[in-house]
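Sharing a structure with you now.
So that you can tell them apart, the chains are marked A, B, C and D in the order they are listed, and the count of residues begins at 1 in each.
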Amino acid sequence: MVIVGVMGPGEGATDRDCAFAYELGCAIAREGWVLLTGGRAAGVMNAATRGAKEAGGLTIGVLPSHDKSEMSPFVDIPIVTGMGEARNYVNVLSSDLVFACGMGAGTASEVALAIKSGRHVVLLGAANTTADFFGSLARQRLHTANDVAQAMEMARTLLQ
Amino acid sequence: MVIVGVMGPGEGATDRDCAFAYELGCAIAREGWVLLTGGRAAGVMNAATRGAKEAGGLTIGVLPSHDKSEMSPFVDIPIVTGMGEARNYVNVLSSDLVFACGMGAGTASEVALAIKSGRHVVLLGAANTTADFFGSLARQRLHTANDVAQAMEMARTLLQ
Amino acid sequence: MVIVGVMGPGEGATDRDCAFAYELGCAIAREGWVLLTGGRAAGVMNAATRGAKEAGGLTIGVLPSHDKSEMSPFVDIPIVTGMGEARNYVNVLSSDLVFACGMGAGTASEVALAIKSGRHVVLLGAANTTADFFGSLARQRLHTANDVAQAMEMARTLLQ
Amino acid sequence: MVIVGVMGPGEGATDRDCAFAYELGCAIAREGWVLLTGGRAAGVMNAATRGAKEAGGLTIGVLPSHDKSEMSPFVDIPIVTGMGEARNYVNVLSSDLVFACGMGAGTASEVALAIKSGRHVVLLGAANTTADFFGSLARQRLHTANDVAQAMEMARTLLQ
């Protein structure tokens, strides 16, 4: 199976971030890929997971807490780490490719760890500041897309 | 989904440990439960995963390494932690119930962490020394079975 | 510097466990070794750290939580992991040798991980059940002592 | 004790990054603070640790590997995590304040996790791209300095 991560803010996500994440979750499921997120019932994690689930996909949630109390109801496979933000490393190592919708400190750590671990990252609708910074860290593995169709096209090519 | 862990030695597993693990993997899949192991292509992890896979089940492997080079070919969902034996904590937190087949230092850490985290543990074919020790730590959550049918019967009751 | 770990129960520690731990902490500091514990203000961790501190030693506390709210006041160097019981792995990897005073599920996981990681372990005042079990996992690296003087003598020999 | 982290690239560090890190290590030790780094014998980690050690300070190295083979010879207190880049979370949680000299994917993850965990971060000699990006994530906890004297002055104020 191909496992694809969607990272993005929880509480700090914008409506646009969540709309992108939901649509991306749907597209990932339709592609036959498995979705992996940070698993919480908040923001981008929840929206992507709901999208994948509604489109008939399989969803993994790698939770920071030591139980399932904060889990998105759309997660099929909860991985309970009890490791707080250290689980961000598990998120990216377990993903064959990482999408990021929106940006915050937690998401930034995931994009950075993904680059460090040799993963390709596709930023969806990113601000120039964000694209410039991560582009300066890894020009070859850092990609930017303006919509979900373009992001999925990139991912298909990169995962071949 | 119900996720059930099967823990046991890798390289140090006996033929009996692996036979139990294989049979347990089959039974878990037939029950409709998802199997979780430490994910490596060795000993109890590999035998249980092969059993579950051959019986049509879904299998999760929580790997200690930072890539999939040691992964059992029967794992559907690899969770790549890069955290060495610290991933043992993820194994037990992510399992609704833990079975142990055979015993070694890594398996002992998993049984201990499972008890610490409030999980029920079923030891399958354990030596008296092992059953006595873990029984002294958690009499109420520590169970022993002599065969797979008995172990599964206990698990069904405990997971109700 | 030589770093020596003292592991043991927090809330579940007996008076005897804590007396051994305090005396051991004193002896470790007098030997010129650095003490490492799980860092919380409870049971064996706190008693050993107080002993080492009162005898003029340096103390490390590897905390499970993401802040210092539960920290023993006798810890000099807090390592804040935010990883719950996964920090038990850090405890033993960072110790050149591990002592255990008393026994509980968390302590059992540390002794098991220490053996798995090739560390020598000295059990102080252990029940036969405990000594028999861990002895069956690692006869060569598992040692038992009845008092602090004997435990320290073993440690000196093993660390040469 | 006040524990202050210095983060920065290993193999990818520039001469300027290392010169800043060395000088910063010296200043931290003279201030009476304890230095914490990622502990490896490379780049910014090694330079800062050497500086602190030569100025008579105490140095902590939180290692990613499961042994001390890559450790800087100037580390006093090795914390061996065996957790790869997941140890970056331990680095920042254990630091009362984080300095960053130079930038790379690993360092970016540490700055991001530090911001996420409520730590103040002082970037030393950072490119505009870097300062703009992290400033957009945490304007109040993100500070930039052009030299070590200015960075230390900021740290003194922030740690009061």
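Basically, a contact is a pair of C-beta atoms (placed from the backbone, for glycine too) under 8 Å apart; a residue touches a chain by one contact, two chains touch by 3 or more.
Given the structure is predicted, the values throughout are model-derived calculations rather than measurements.
With centres computed as the average of Cα coordinates, no chain lies farther from chain B than D. In terms of C-beta pairs in contact, the better-connected of the chain pairs B-D and A-D is A-D. One inter-chain figure worth recording: chain A and chain D are separated by 28 Å, centre to centre, where each centre is the mean of the chain's CA atoms. Chain B and chain D have Cα centroids separated by 40 Å.
Annotation for chain C: residues touching 2 or more other chains are 66, 81-86, 89-90, 117. The touching residues of chain B, counted against chain C in their complex, run 83-86, 88-90, 103-106, 108-109, 112-113, 115-117, 127, 129-130, 132-134, 136-138. Against chain B, in their complex, chain D makes its touches with residues 66, 81-86.
Looking at the complex, you find that chain A touches chain B at residues 1, 3, 34, 60, 62, 66, 76-83, 89-90, 93-94, 117.
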